[in-house]
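Chain nomenclature is as follows: A, B, C and D, assigned in order of appearance, with residue numbering initiated at 1 for each chain independently.
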Amino acid sequence: MDVLPTRDRPTPACDPAVVVGHTPLAPAIHRLVLRAARVAATAQAGQFVMLSVPQAAGELIQLPRPMAVHRRRPGGDIEVVYNVQGRGTEALSRVRPGDSLLVTGPLGRGFDLPATAGPLLAIGRGIGVCSFMTLVEDASAAGIPSTVVLSARTDDRVIGRSDCAELGAEALAVTDLDGTSAVEALDRRLAARFADRAPGLVVVCGSHRLTALAMTLARRWRVPLQVSVEAHMACGLGYCHGCALPRPADPGREGPLVCFDGPVFAVQGSPGAPA
Amino acid sequence: MDVLPTRDRPTPACDPAVVVGHTPLAPAIHRLVLRAARVAATAQAGQFVMLSVPQAAGELIQLPRPMAVHRRRPGGDIEVVYNVQGRGTEALSRVRPGDSLLVTGPLGRGFDLPATAGPLLAIGRGIGVCSFMTLVEDASAAGIPSTVVLSARTDDRVIGRSDCAELGAEALAVTDLDGTSAVEALDRRLAARFADRAPGLVVVCGSHRLTALAMTLARRWRVPLQVSVEAHMACGLGYCHGCALPRPADPGREGPLVCFDGPVFAVQGSPGAPA
Amino acid sequence: MSVRIRGLALASPVMPASGCFGPELGRLLPMRELAAAVTKTVFLQARAGNPAHRLTEIPAGVVNSVGIPSRGPRGFLTHQYPDYQALPAPTIVSIGGHAPAEYEQVAEQLGGAGAGYELNVSCPNLDTDGRDIGSDPAALFETVARVRAVTDKPVIAKLPVMVASIAECARAAQEAGADAVCVANSVPSLPLEPGSLRPALGNRVGGLTGPHIRPIVLRLVWLAAKAVDVPVIACGGIATADHALEYLSVGASAVQVGTANFSRPTAMVDVVRGLRSRCHAAGVTTLSALLRTDLTLA
Amino acid sequence: MSVRIRGLALASPVMPASGCFGPELGRLLPMRELAAAVTKTVFLQARAGNPAHRLTEIPAGVVNSVGIPSRGPRGFLTHQYPDYQALPAPTIVSIGGHAPAEYEQVAEQLGGAGAGYELNVSCPNLDTDGRDIGSDPAALFETVARVRAVTDKPVIAKLPVMVASIAECARAAQEAGADAVCVANSVPSLPLEPGSLRPALGNRVGGLTGPHIRPIVLRLVWLAAKAVDVPVIACGGIATADHALEYLSVGASAVQVGTANFSRPTAMVDVVRGLRSRCHAAGVTTLSALLRTDLTLA
């Protein structure tokens, strides 16, 4: 992981946000819509929030959970799409419209979209898609065409179709069930798709195999590759040091903090990555 | 507290019981109907059960909660009436018909109803009434008339009216709001009520002031007084020693166990209490 | 799934924790499936126990300060032991004391009753400064050695949680001749009544028990198992077979179930049957073989 | 509601717990209302910290094994201290070490930076047997005495949980010249991943924190406050003003908030304001007067 160059970012704050929508999207996956005007207005593509799960039925969830800002809405809402994984997201799934929860953000260092280069290729697996949908929003606003790979186990678990449609992005839904998500199949398909004009940026999230594929593609096309990564977090702000990545080359020093230096990094060795 | 003489009691067991009814009775007071055939068939008047609260929405309640068997129904159901007090009863209030919970019982040493003596006078405050309604059931079955004082803060908190009606017992509802629950008023009223024929047994539960009154009355009438007491419990079976009463006369020895030697005791110094 | 501690062969790796069991419970259970019955701690002198409340439940768990009422070894032999003998499982007698010599005296006065002894050394040492005997390796050594000298039966040292080094304590017990160590007792705590600043227990401080102490005790069991060769019996927050497996996976040889017996009187039997059906499903017959399989927990 | 520790007057009794605060959080808060900023522990040598996962949440609470990455005192002065100086609250620098002499060296190398020092003595003593310095009264005494010798600023000894006698440790710190003791650090634990037998933390063992440890630490604070005359700063599971009052009622003079800062970045401010409005409502101006009123908690 290479830390992307420093840039200005909005000052995070911690505000209560009212739940304005909460609907199932796929098995164990829910879309949560929060009235969080400041985050909706200021979040940069690829930033995230920390959601403090309110105490439902006595169950105490102490650490807030990091969640990508999936969509920023002009009306002041943000959308988060999450997968019920353990106790925290299980409790989160019990919040109801009208409930209020603390949102800290926007947080982290997001994606860098080169203004002039070619189209955007975003490759996501499952809810990994949510880490970069704000980048697709930015691309769409800037008139940059996007192609978004939506990979999932089965068709009913594909996330992001409606978002892509809304943003005018080309959605390539691929699944394990029909074999289209296999790395080789996807490699061939994307090679064909971008045979005429290579993308200007490749971004990826949600699967090691897809990151490896993205690396092959990025090298082949000589375009930058950015990845959004996850780590266990407590503060999200950069002070608890819970989320540091290892620094394999220099194990005596702490690596970058996913919450502050990331979650978006240039993939090490990818074209144009910081030295 | 004097331990009542040993007698045979049903062997307790621990069985899952299905919730067949759960309805609010009064502010923060609920009636829980459980399909617990063995307890319904064998519980003696004044015995109790330990209810293990199922894990609702992740909240873990570790100790079962002691609850009087309020009613034994011929169909194999028991009724428990409880007051939402803390975390355990709060969680209990969230169980729903169809849910199942573990019931250990029947437990404890119940009331002794002299077969031949005069009528029964039972004095209860709030849900204290529930500790002796099974005794009123027995009296009713034996053709012994019962008078039951149902004391409460306000009229909507009076518990046991419908049970008394059903069992043909005379119910005297008294409340703080209209002053009828005051000890002096009640003393006068009961003195008048039993002027012709003293009761054969007085039982009391739920208030120190009512116990003191019952003691005055029992001494005046020279009839035995039995009281049902509460203590924090873990096992309910007599092995954890969590529920021992103090032994003021001999502080170096452990006092009686409320779960095994009680919860019903002869009030010390009351007529006919064990030496 | 049997376990051997000194000469004693236990039918299974699951037994009750001291103070969380009695014949009243044993009579409701198929005791043959369990390793043993463990008695409440027996002291030399008769004791009344602590004032009410003796136990309560708070969000962190159950806290008790029962204070170990005891009728002394003779009272135990007369009033309690016969009911234990009627159970189809060996009885391990828990022994307490306020000085190393008292443990020895209790062991002697038990006159050979019981299949083994568990020394509850979470007791203040009134010979010295009132610190728990089990947190002082020298006092612990003396206690175990004295009991060792008067019995050939298995001797288990049950260690406290609040020790500077559980490894050192476990080693002291082993060197003094303990046949196993039990890790650990409850976690000393001061619970307050919800909604007030009043202590929730008559004795103010008590021992925290139940599932939330499991990660604390897991570390202690892991460290103790690395430090000694004798079997480590794990005790702390076990309510299911999965919890037992957690301890077995960090080096325990057997487990004790305490608070869960209150929540679910069948807890110990559920644990033992859960372990057995895990072995069946994996096609193995021993727990060590089971731990080498690719286990997923609930 | 101000508190005095040696020469240092603190504006309120509420401050962050070491490692659970940084200027990044301070910038979001009205720091003037807090007693101090407390830094993450600074070690003599630079350290990378532990492998992932460094923290997780289990039902018992939050467990962390961040491993205290540190850039050493000089790195701290260059990269971190300026951001602390920009906050309108005194900075208490937390110091760690693997031998008593290292604490002294860090204190010296800090060259007078900071308004006071908190000694995190929950660190293995590599001079001797690797036991935590703070659980060994002699090593603790030496550590505090050495730092005392090189600074006139307030010195706070932050004690570990796993000690045989917190009273003895607190007294050793006081006798060596500590101006306050902080009770306590996190509770050593070994969390496993739910659903597997794999350790949840890269370092296997970590420190359990959050509300469930409060009854454990309340007992320690109570015992420490009875044992020493210097102020006791309570730390463990405080998320609300009521929790702070619990500690104040058993003898603490000030409190630190750790894990709750993550749950609710405004937690410390909520605690301080909650205490202040309690005083207002009771018509008193000091916490000791408040504690003499008839308090009910939420």
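We adopt the following convention: a contact is a pair of C-beta atoms (placed from the backbone, for glycine too) under 8 Å apart; a residue touches a chain by one contact, two chains touch by 3 or more.
Per UniProt, the chains are A, B = FAD-binding FR-type domain-containing protein; C, D = Dihydroorotate dehydrogenase.
All values derive from a computational prediction rather than experimental measurement.
Within the contact network of the assembly, the step distance from chain C to chain D comes to 1.
Note on chain placement: the centre of chain B and the centre of chain C lie 35 Å apart, centres being C-alpha means. Between chain A and chain B the centroid-to-centroid distance comes to 60 Å (mean Cα coordinates, whole Å). For this pair, chain B with chain D, the centres built from the Cα atoms lie 49 Å apart.
Listed for chain A are residues 60, 87, each touching two or more other chains. Counting only residues that touch two or more partner chains, chain D has 59, 61, 194, 211.
In terms of inter-chain touching, the protein chains here make up one closed cycle, each touching precisely two others. Under the contact rule defined at the top, the touching pairs of chains are A-B, A-D, B-C, C-D.
Contact residues on chain D toward chain C in their complex (touch as defined above): 58-61, 63, 129, 131-132, 135-136, 161-165, 168, 187-192, 194-197, 204-205, 208, 211-216, 218-219, 222, 245-246, 249-250, 291, 295-298.
Against chain B, in their complex, chain A makes its touches with residues 56-59, 87, 90-91, 94.
Those residues of chain D whose C-beta lies close enough to touch chain A in the complex are 19-25, 27-28, 40, 46-49, 51-57, 59, 61-62, 64, 66, 69, 194, 210-211, 259-266. Considering their complex, residues 11-14, 52, 60-64, 86-88, 102, 104, 231-235, 237-247, 251-255, 260 of chain B touch chain C.
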